[in-house]
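You will see two complexes here that share subunit A, one where it goes with subunit B and one where it goes with subunit C.
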Partner chain A sequence: MSTAAVTVGPKIRARRRKRTLALVVKYAALVFAAIVVLLPVYVLLVASFKSGAEADPSRAWALPHVWTLDAWREAWNGDQYGLLPFLKNSLKLVIPATLISTFLGSLNGFVLSRWRFPGSDLVFLFLLFGMFIPYQAVMIPLTQIFIDVNAPEGIPRLVFAHVIYGIPITTLIFRSYYATIPEDLIEAARMDRAGMLRTYWSVVLPISAPAFVVTAIWQFTSIWNDFLFAVFIITDPSKWPVTVALNNTTGSFVTPYNVQMAAALIASLPTLIVYIALGRYFMRGLMAGALKG
Partner chain B sequence: MRKIRRWGPGLLLVSPSIVLVAVFVYGLIGWNVKVSLSDWRQSVETSGFDTGAYGELFPGSAGELDDFAGAVLSGNQSDTLSTDPAWIIDLHHALLFTIAFVAGALLIGASLAFLLDKGVKGEGVFRAIYLFPMAVSFIAAGVVWRWLMNPAPGDRSTGLNLLFDKLGLGFLANQWYLGTNWGAAALAIPAIWALSGYIMALYLAGFRGVPEELREAARMDGASEWRVYRHVVFPHLTPVTLSALIILGHISIKVFDLIVAIGGKQLITQTPAVYMWILIYDARDYAKGAAIATLLLVGIAVLVIPYLVYTVRSERRL
Partner chain C sequence: MATIVLDKLGKRFPNGFWAVKDLSLEIAEAELLVLVGPSGCGKTTALRMIAGLEDITSGDLFIGGTRMNDVLERDRDIAMVFQNYALYPHMTVSQNIAFSLKLQRRPKHEIKERVQETAQLLGLADLLDRRPKQLSGGQRQRVAMGRAIIRKPQVFLMDEPLSNLDAQLRVHMRGEIETMQKDLGVTTVYVTHDQTEAMTMGDRVAVLRAGELQQVDTPTTIYDHPANLFVAGFIGSPPMNLARGTVERADGDALVRLGSSTVPVPAELVRSRGLDAWVGREVIVGIRPEDLEGPPDDGPAPGCATLEATIDRVEALGATLLGFFTVDAPPAQSESIAEATGGGLDEVALITREGTPFCATFEPRSGLRAGDRVDVTVDVRRLHFFDPETETAIGS
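Then we have the complex of A and B:
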């Protein structure tokens, strides 16, 4: 190689220059895209650390003269715009809903991949369609049923809805995951005359951790970020999850915009932290969502 | 009998989910269709059969069809139509939004994946940045995008318009989502921002799924790198493109949170899903709200059912 480098002709040199140029263009494009994607984050951060006096729209792209946490404090538990009670509502919603739907998905996924019954593929298809429906198409009867059966108001209704409509995606993720565990493992358990639940409990469950993480992250993110179910189902403003409360504070033009930005950040922090800490699993959930096993 | 003992417990274990989905997905869809065909409008619930709600959403006669299509395409009202004028505007917005969103997210996502495919330094960081909007709610994203796309002109300008001005790109400044003709396409920008990373991830998996031997074989035959992509890699990506189209299309049809966060209930940003919400909450017009919900479902079913059947079938063939 080194001797060749001394004697390179103009043709090879030109090709090399072209390749370097292509590389520069490539990185420039990638960096530019990254900047554009992060632009909203810059705006959010910069605005949220400004004082009310400095939160003038015309200076919005500049860094704060004086960094202050006033807007964060106001958006966190201020008298007027505090999100804290609604963050608590969201937690009361997202924890049980995520746990229940993930566990249900695990049982379903196990049966539909490793303890199949005649027609189990059709059953899977039957469940799967529920993932794609626009929830508007069930919303009017759903709210009506809650009223008719006098279901406990507020968060419990929302937990119920997220568990039901989470069945398809959680089943899908677990079914794909279990399809990859060796059939021998299950067969060996069957040979030992282990029943279904025993096989699930002592053979399948212990190796399910990755799928539980993927599914739980997926459910946590989509339930935390949900707005549609909450806005239709929750009628009492004190029971709102944080998305509805955020939309309510920021939808009004009187809310100072530094507080708006701090509020948006606070409402997004839980899912962002999960994303940063467990991004790899987040990605796998996304791929499962695309039906790509 | 022994066979049933073998698979019976499995069916039993899944049956609660089957029943719940049967009732709360399929059953409620049926109930919703029934509401859409009732005369439950404004007043108390009744059980009368009435197709009036659909009558306001569809052209009344074959003769009106041209007029209807024209109005949807142009976004202009027509005096001769008996259709709900707001609905025409909604369809116009949905059309513009879908075209801009699907094309934008697909193009940007595929390009980013193409750039990342050969392996670049810091690939993990780039991927993490492109994908992070997926973790943020449309409501929170809407807060900042509404500000970025602030349409205030001149001295009061802010957000992107102000940025363009400072960068000497003032000619790019525009009315964004309040623009009379292309407003709905501007609404697609935050949606493209949110979903491009996801599409990138899908395509990247697709690129990487092409066996290296195939690329190598083409290279041995003297094909240039570009021709390797064109003739070997791209043909392998058809299933990925199909998935991406389905995912983007069904998000587009039911887009709701983002629009509410940016435009609230204004007609100028209204889409079918937002109108449905307004009909239920403000107008208490349950029949028409249910009719729109049914149409959203039909739109998505047409898109998704063939795809689901195809996917499960090809899975079975493996």
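Then we have the complex of A and C:
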């Protein structure tokens, strides 16, 4: 007898079988859900590698006979549909708008949670209302105000609009995050003779990285994906962000599905990259509040 | 260095609750005053008012002779040590300690020098590049102290700085803080709920209850002459034995009847406390456990009284032995005692027999066991008497 026989009672065996079955069911459900979510992406992907003649809705599910990058080339830098200039516009919009709205949210969140003043709760409440005002409701007044104050046309207007619209959500995220910072820390800074801005700058800001990542990802994604603001604020087509340009790849007579699909993928890549690069900080930031204490 | 004067200081919170009421205290230069009381007694609020972290609702606060009510916290020249240390997590030990000097824009070489000096004093020299996360509780506590010391402020405020340390370290740091405070000679207000800390550290101790000052005096005076039932119950561990008794006259002398037992009261005590006026009336009698001792080997000393006791329970503390027994006198049940002792005694009374549980100290090797019948010697000179109505000490 060189090896000891492992004997397992029938009860334990039955329990194991049950557990395996549960696992199979669970994974089957998950795989099904994943397929439902990924199917459109599949259609998008295969169509983008087809030639113009092959890319037809009637054969949307089929793999391409001939794999080609023509559609990608056209969508990237083609004469008719090239997105490159519009991607640049989008970056010019999204980077300043994200940074400014995130920073403002951080300042607001700090003051509204840790350096309170009489009526600060009311101010916060009003700020939150901003989240529930639909874009459509402000389209006309916003445009009118831009005209009235003679704001510089083009992307600056769009940056401004997104910064303002971002303040409620960025403030909310930062206020919740700062609520988890021990009050002692702020008071210690006060006793060390730091004023409000110094406390913010030297004590609060350096420990805000998780909230900054969460807020920045959030703002980046929603500003990048915005369509409506861009459509009514930007009048000069050369200043369009990529979302508006993408919409215009739909031709009036023919729709080049392959180019459109490649363009859609290109337009959504930056948000995907940001999320993949910073995703783990995103989760960490979301949970920081829950785990502290 | 400065004196601190609290003149009828009051704090009402927005919900209408008065956390501190008419608190008047004078803290001398270089004195260490301990504010002590059960949780919720307003001691921390009082400290925060001195710090400037809480607005003052009524009364005046003077530091070094200047009225401070409307002076911003950063202009009061006060350093504070927080219960949770409140170290800046992203800064190293040396940055934590240097932060206040940096804000004052002191020259770099001076900051460096003073950080070194402070670190030496606190034994932190090898830890200067660590972050708070990498420190033990005791080390963090030292950094918090360092942050206060380096400022050379007029006043130190300490809010339960030792409550997060384990028992041994606490005793050790107690001594260190006390020594340091004496060496630096900085006026200090120290808040704690731990009466042992208060007794051992304070030049004077101020006992607070529900926002009101009960007594302020040296630890010994507070211990020997508690001003009222609350202080009597709060200061001392194990707490003072308290029961209801009646003062009676016997052969020209007075005695106190506690249930079926009587305890003679020395003439001197009768005179000094004015007990004549209480003959035939009910009083609350108090006696500390160490003034109730097991029978001495050579028989009871003259003038001492004895109580017959059947021991219910024994607690061996090593150096002493505590014996618990029941005296068949009604307990001094009062809200203030319950508050002072955490409500413990009443429950004990319920689970034993009718009467009042008493605690006496015995020789550690006396071999005392539950069920033993012994004669407990009462040091009658150390009896305390309280008015059951006003709960204040009689004749003091």
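Convention: the second predicted complex is superposed on the first by the 249 of 293 C-alpha atoms of A that agree within 3 Å, B and C clash if a C-alpha of one lies under 4 Å from a C-alpha of the other, contacts with A are read in each partner's own complex, and residues count from 1 in each chain.
Quick note on the criterion: a residue touches a chain if its C-beta (ideal position, glycine included) is under 8 Å from a C-beta of that chain, and two chains touch if they have at least 3 such contacts.
Computed from a predicted model, the values in this text were never measured in an experiment.
Legend: residue contacts after superposition of the two complexes on their common chain; A:F117 is shown touching subunit B, with no touch to subunit C. Of the two partner chains placed by the overlay, neither subunit B nor subunit C lies in contact with A:S48.
After overlaying the two complexes on the shared chain, residue contacts for A:T98 are found with neither subunit B nor subunit C. Shared-chain residue A:S106: touches no atom of subunit B or subunit C. Taking subunit B and subunit C in turn and counting the residues of subunit A each one touches, the greater count comes from B. In the superposed pair of complexes, A:Q219 makes contact with neither subunit B nor subunit C.
Within the superposed three-chain model, A:S202 lies in touch with subunit C and out of touch with subunit B [touch as defined at top]. The contact surfaces that subunit B and subunit C form on subunit A in the two complexes overlap at residues 195. Remark: subunit A residues 26-27, 29-30, 33-34, 36-40, 43-44, 57-58, 60-61, 104, 107-108, 111-112, 115-118, 120-121, 123-130, 132-142, 145, 164-165, 167-168, 171, 195-197, 221, 224-228, 231-232, 243, 246-247, 250-251, 257, 260-261, 263-265, 267-268, 271-272, 274-275, 279, 282-283, 286-287, 289-293 touch subunit B in the complex.
For subunit B in complex with subunit A, the touching residues are 7-11, 13-14, 17-18, 20-22, 24-25, 28-29, 31-32, 35, 108, 111-112, 115-116, 120, 126, 128-145, 147-148, 150, 152, 155-159, 162-163, 166, 193, 197-198, 201-202, 205, 243-244, 247, 250, 253-254, 256-257, 260-261, 264, 273, 276-277, 280, 286, 289-290, 292-294, 296-297, 300, 304-305, 308-309, 311-312, 315-316. Looking at the complex, you find that subunit A touches subunit C at residues 182, 184-185, 187-195, 198, 202-203, 206-207. Within the complex formed with subunit A, the residues of subunit C that make contact are 51-53, 73-74, 78-80, 82-90, 99-100, 103-104, 147, 151.
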